[in-house]
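Pasting the structures here.
Okay, so chain A shows up in both of these, paired with chain B first and chain C after.
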Partner chain A sequence: METNPEIVFPEKQNPLESEIYLASQWELIWRRFKRHKLAIAGLVILIIIYTMAIFCGFFSPYSPYLYNADYINAPPQTLQFFDQDGFHFRPFVYGYEVSRDPETFRMEYQIDHSKKYPVYFLVRGDRYKLLGIWETDLHLFGVKEGHIFLLGADPMGRDLLSRVLYGARISTSIGFIGVFLSFVLGIGFGGISGLYGGAIDNLIQRMIEFIKSIPSIPLWMGLAAALPQDWTVIQVYFAITIILSLKGWTGLAREVRSKFMSLREEDFILSARLIGASKTRIITQHMIPSFLSHIIAQVTLAIPGMILGETSLSFLGLGIRPPAISWGSLLQAAQNVRTVALTPWLLLPGVFVIITVLAFNFLGDGLRDAADPYGK
Partner chain B sequence: MLNYIIKRFIYMIPTLLLISLVVFIVIQLPPGDWLTAYVASLRESGDEIDPITVELLRERYGFNQPFFTKYLNWISGVLQGDFGYSFGWRKPVGELIWDRLGLTLVVSVSTLLFTWIVSFAIGLYSATHQYSFGDYLATFLGFIGLATPNFMLALILMYLAYKYFGLSVSGLFSIQYAMAPWSWAKFVDLLKHLWIPIIVIGTAGTASLIRVLRANLLDELGKPYVVTARAKGLSYLRLLFKYPVRIALIPFVSTVGWTFAGLISGSVITGIVLNLPTTGPMLLQALKTQDMYLAGSFLLFLSIITVIGTLVSDLLLAIIDPRIRYE
Partner chain C sequence: MEENKLLEVRNLKKFFPINRGFFNRKVGEVKAVNGVDFSIYQGETLGLVGESGCGKTTLGRAILRAVEPTSGQVLFRTGEGKVVDVTKAEDRQLKKIRKDMQLIFQDPYSSLNPRMTVKDLVGEPLLVNKIARGKGLQQKIIELIEQVDLRPEYMDRYPHAFSGGQRQRIGIARVLSLNPRFIVCDEAVSALDVSIQAQIINLLQELQQKYKLTYLFIAHDLSLVKYLCDRIIVMYLGKIVEIADSEQLFTQTRHPYTEALLSAVPRVDPKRKSSKIILKGEVPSPINPPAGCYFHPRCNYVQEKCRREEPLFRNVGQEGEEHYVSCHWAEQLGPKEVM
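Let's look at the complex of A and B:
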C-alpha cells in the first residue's frame, strides 16, 4: 500500500497494522487463505475440473456415445512433437496397426510410425449441445483424419477421455447438491438442537448417534438397491444424492450445535439481547455470520465423502446406471484383475476421482485454518 | 462404574430395536418382492412360470401380509435364532451367514489393530519430527490414502501383485483350504492372504488417525507443563510417553466406534472386489435379487457389530478418562 510519507498521522504510523484493524472478517479470511499454498492449488485444480465438466462437449474430442468397432480397447496415444524429421510445432499422434491374435481373437494394437495424424485446435466434429442449449460442433482439439484417443478407448471403442469429461458432470455435481442438502438439514437440526436445548436437543442428538452407528456402505447399498429399475436418469441421480446426504448432515449438525451453544454465552450476544434485539435478528445478524466460515470449511470437507460414495455405489452397479456416465460407472468396466491387467487405462477415471478429492481436501484444510482469522 | 455400564447396556436395547426396524424398512423398499425378481429372471432366460403358482408361492412365503405383521414375524423369529429363509440359496439364512460374519469380524478387527499400530507409530514420529522429510512424506501419503476409494486401491494392489509377482491375491484362502475344516495350516494360509484386505481397508482410517494424533500431540507438546517437566530434568522420552502421548491417545479410543463402522463399511466393498468369503459379495447379490431375509440379516448384524463396537469404545473411554464415569 502506498502512503504519503510527508503526512504521517500518529495513529497511522504502521499502515499495515491499521489496515488489519480496519479489514472486514472476510478480508482477513482471504488473506489467511492466500498464505496456504496447497489450498490455492486445490482451488485452481477445482476451477479447471469444474470448467471442463460444465463445457464437457467442447473439451472432449468425440461424443461419449460414439461406438467404433475398429478401436475396441485401443491403448492411449501420446501427443508427439518429434519424428524422424525433427521437431514439429503442431503436435501429432501416431496411428495404430491393428491385428487379431489368432488364438484369443483379441485386437492387438501396435504403434504405426507411418501413420501420422496432426492435432488441430478448434475443429468441427460430432454435434453436441453446449450447456444443453446451443447446438454446435466445435471442439477444442481433434484430428481431421484418423483417430485420437489420448486416454485410450473402452471395450466398445468409445473415447475414454470424452467419457471421463462427460462423467465429470455427474460425479462432481453430485457432491455439490448432496452437500447442499446436508447443509440445509445440518443447519436446521443443529440450530434447533443448539437453540432450544433440553429434551429436543437430547432427541436430536440420539437420532444423530443412531444414524452414525449404521455402517454407511451397507446402508447406501440397501437403499440404492431399492431404486426402481424403470426410473429415469434424473430420478436416479437425485435419489442417489439424497441417499448420500442422509448421513452427511449429521457431522454438520453437531458442528452447528456446538457453535450455537458456545456463542450463546458470548458477551456480544448478551449485549445484543440486552439492547432488545429480536431472536431472529440475533441469529441472522450476529450468530450465523460468526460461524458461517467454519461451516463453509466443514461443507468443503464433506464433499469428498459424497464423491467417493457415488463412485463406490456406481462401481457396484447400484448407483448411476448406463447410459448415464459417471466416474464410478466408468470404473465398472475395470471390475476384475484380468481386465485391469490387459487394459490398465480403464482405471484412469479413478485418477480423476483421486485428484478431485485431494483438491477438495486441500481447499477444505486451507479454509478451516483461515476460518477463524481472529485466532492465533 | 457399574452404574455406567448398566446404563449403557439398557440404552443399547432401543437402539437395536430401532435398527431392526430401519433394516426391515430398507429391505422392504424395493417395489415387488423376491418372486417378481425371480419371475423376471426366468422370463429373461426364456422360461415361463404359471401365474397361479406364483400367487400360491407368494401366499406361502407370506409376501402378501401387511408390513407390521411381516416385521413382527421376522423380529420374533430373529430373537429366537430363526433368521428366515434365503430364497436364492434355498437354505435357512442361519446356515449361510455365520461363517461370513465371522470372517468379516476377523478382517475388521485385525484391520483395526493394524490401523492403530501403524497410525500410532507414524503419528508419533510425525509430531516429534515436525516439518522433517518423514513428516511431509507421511502427510502426503495420508492425503493420498484418504482420497483413494477402497475398491480402486484393491484393484491396483491386485494388478501390481499379478504383474510383478504373478500372484492371484483374491480370496482369503488357497483353493485346497477353502472347504477344509479349521486347522493350523488353514490358519497360516489365512494369515498369508489377510494382509491385502487389511491394507486396503485400513488405509483411509490410518490416514485420518495419523492426522488426529499428530495434531493432538503437537498441541500437547506446546503446553507449559512439558517445558516445566523438561526444565526439572525429566528425560524427553519418559516425559513424552508419560503425559502428552496418553492424552493424545484419547481420540484413538473415543472414535473407535466410528472407525469401526468405517472399517465394516470398507470391508463390504473390498470383499466384493477381492472376492473374499466375507459378507460383501453375498450381501450385494442378496440386495440385487431381493433375497430380503438374507440381506436383512446381514444388514442387521453389520449394524449390531457397529453398535457393540461403539459400546466397547464408550466403556474403554470411561476407564481411561475418569471424568466421563462420574458425569
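Let's look at the complex of A and C:
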C-alpha cells in the first residue's frame, strides 16, 4: 500500500498538541474549566466551607451548646494586633466590661482595654468527637483565659461562630444528599421517559407537570408539619431532605429525558446499534457518558436551591428544630425587629448562606460551560 | 431469489408519522420511501442518486433496519447461502445478519463517539460480537488500523485528534472489523475535501477487491457515481424512476428526471453549449405527493395521462439488458444521450 500523505509524522508535532490528542473527556473539561476564574474561586470557597463543616468541632473554639449567662448577646470581638505597646505578632482580643442598663435591664458590653486575651493555635478546650468517631479536645484556635466570640454570642451566651460551623454540617450536606436523591429519581424517571417514549413518557411528563405546579412552600410546610414531633434529629433531617428532593428531581428528569431523546438520533449511537451492541451497553457506555457532565453541572446548580429550601423551612420553624443546629434554625433567632436592631450579628448565618449559594452558582456556571468539550 | 443476487428489495416502504396536538394524534405521514423494488448482485457497486430529501438515506437505513421499515421485504443471502428476510428477523438473528451488512456514515464527526479512543472504537465490534479478546483483540485492532492506512501508534488517541479523512478511515476500520459482505456507503465521502475523497474512494475500491465486498453507494455527486458504480438507481420523491447500467444510464437515458439530473453535471468542454435542463417549481412535499406520476408537475414532457395514472415500473432494456424505468412515454421518447 502506498503511503498516505494525510498522516502527520510524530516529529512534526509539538508535545502540547499530542497531549490534547490523548486527553479524555474529563481532562478536556478540566482544561476548559480552569479558564473560568470565577468558577475556580467558587470551587475553592466551597472546599473551604465543606472542610470546615466536616471538621466543625476542630475549627470552632467552643461547643455550640456551651451557654454562659455572663455573655448573653455579647457583640463580636475583633482580632487585634496593636495595643499601647505597638504591634504584637500574636493576635489578641479585648475582654468586655459588662454593665446592666438600670432602665431596660439590658446587658451592655464595653470594650475593656485592660483585659487582653491572646489567641493561641491548637488549644485544648471542650471535648467533642472528630467526624463523630475520635473523641478529642483539640481546637484550631482559642484563648487560654477569658472568652473569644469572633461573631458574637446568642441570647443564651453561646458562641455564634461555633454554632455557624456546626450548622454548616446540616445546611451544606442537606444540599448534597437532597440533590443525590433528585439525581437518582431524575435519571430513573427521565431515562425511562426518554428511552421508551409513548404512553409511559406521556404519563411521566404529566406527573412532572403536576408536581411542578404545586406551590413549594405550602407543600413543604404541609409535609414538614406532618412529621411526628417525637422524631429524632436524624429522622427529621432525612425527612426534610426527602421533602426537598421531592420537587427537585422534576427539572433533572426533563433534562435527562431530552438528552436521551436527542442522543437516540445521534449517528454514533446508531453506529453502536448496527455493530450489535446491546441496549445496556449503548446506555451505559455511550449515552450516559455523553450527558453525565451536563447532569453534574445541572446538579451543582440545583444544590443552592436545596440549601435555600432547608434555610427557609427551618427559618419558619418547620425544618430542623433546636437543639439541632442549621443555618436556617440559627436565623430563626433573628426573626424579630428587636434582634435586627440590637443584635444584628445574629443575622450572620445568612451571610454564610449567601456565600455558599453564590459559590455553587459560580461553580455550576463554569461546569456548565466546560461540560461539552467537543462543542465549538 | 436468483443465485447471483445478494439482496433483493421488494416493495419497501418507510413512512414517518407526523403527530400533532395534545393527544399526539397522527395527522399525516412523510412518505420517505414509497414502495421500491430492486436487487443488488454479488460483488457489484450499486449507485443510488437523487436530490436531497428524496429518501436515499432512509432507503439505505431501512435495508439495514437502522430504521424500521413500514412494509415490504428485504431478502438477504447470508454467508451460509440461506435467504432471510431482514425486515422480519428477530433480535438474535438480526445481530448475526448485521455482521454481514454494515453502514459507513456520511459525517465522520458525529458517527464516532468522541469519548472513546480509536482502540476502543475499532475494538468495540470485536468485543460485543465476541470475535476477539485480550491479546488477540489488540493484534486484530492493529491489523485493522493498518488496513485503512492509519498508524497503530495513534490508537490511544481520541477522534478529536484526527482530520475528517482520518476519522472516516476509523469508521471504515470499525465496519471492517466485522468482516461484512455488504456495506451501505451513505454519502461516505461527501463531507470530505476533494483530494481526501479520492483517497477514501481508492481505499473503498481496494477493500472491495480484497474482500469481495458489495456496495450500495449513496451519493449526489454524479460524476463520482459514474466512475465508481456498475449500476445506478435514480430516486425521486421516495420512488425509483430509473435503474440501469452505469454506462447506459448516461448514454441511453430514458426518464425525463434522470435527463434533467444528468444535464446538471458540470463538464469541461469549451465547445459544448450549456444544455442544462431547468426544472420548473420545487420538489413536491413527500407528505402529500402529487397524483399520477410523481414527477408530472415538473416534467417537460407532461401529458394528460401523467396526471391521472401512475406509470408502471418496467424493463425497457434491449436484448436481455436490465433497464428499468417508470415513465409512460419511455418507449416513445426513446433513449437520449445526455453525457
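Just so we're on the same page, the second predicted complex is superposed on the first by the 359 of 376 C-alpha atoms of A that agree within 3 Å, B and C clash if a C-alpha of one lies under 4 Å from a C-alpha of the other, contacts with A are read in each partner's own complex, and residues count from 1 in each chain.
By our rule, a residue touches a chain if its C-beta (ideal position, glycine included) is under 8 Å from a C-beta of that chain, and two chains touch if they have at least 3 such contacts.
Just so you know, these numbers come straight off a predicted model, no measurement behind them.
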Inset, instruction - State whether chain B and chain C clash or fit side by side on chain A once the two structures are superposed. - result: fit
Inset, instruction - Report for A:264: first if it touches chain B alone, second if chain C alone, otherwise both or neither. - result: neither
Legend entry - Contacts of A:294 with chain B and chain C, given as first, second, both or neither: neither
Inset, instruction - Give one of first, second, both or neither to describe whether A:23 is in contact with chain B, with chain C, with both, or with none. - result: second
Inset, instruction - Check whether A:321 is in contact with chain B, with chain C, with both or with neither, and answer first, second, both or neither. - result: neither
Inset, instruction - Return first, second, both or neither, reflecting whether A:274 touches chain B, chain C, both chains, or no partner chain. - result: second
Legend entry - From chain A, separation angle of chain B and chain C (C-alpha centres, steps of 10 degrees): 80
Inset, instruction - Working from the superposed arrangement, determine the closest approach of chain B to chain C, counting only CA atoms, in whole Å. - result: 5
Legend entry - Residues of chain A at both interfaces, chain B in one complex, chain C in the other: none
Inset, instruction - Would you pull the chain C residues touching chain A in the complex into a rising list? - result: 24, 64, 66, 95, 98-99, 102-103, 105, 107, 110-115, 124-125, 128-129, 149-151, 153-154, 156-158, 160-161, 163, 165-166, 171, 174-175, 178, 196, 199, 206
Legend entry - List of chain A residues in touch with chain B within their complex: 210, 212-219, 221-223, 225-226, 228, 304, 308, 311-312, 315-318, 331, 334-335, 337, 340-341, 344, 347, 350, 353-354, 357-358, 361-362
Legend entry - In the complex with chain C, residue positions of chain A that touch it: 1, 4, 6-7, 10, 18, 20-25, 202, 266-268, 270-278, 281, 286, 289-290, 374
Legend entry - List of chain B residues in touch with chain A within their complex: 15, 18-19, 22-23, 26-27, 29-31, 143-144, 146-152, 155-156, 158-159, 162-163, 168, 170, 257-258, 261-262, 264-266, 268-269, 272-273, 283-284, 287-288, 290, 295, 298-299, 302-303, 306-307, 310
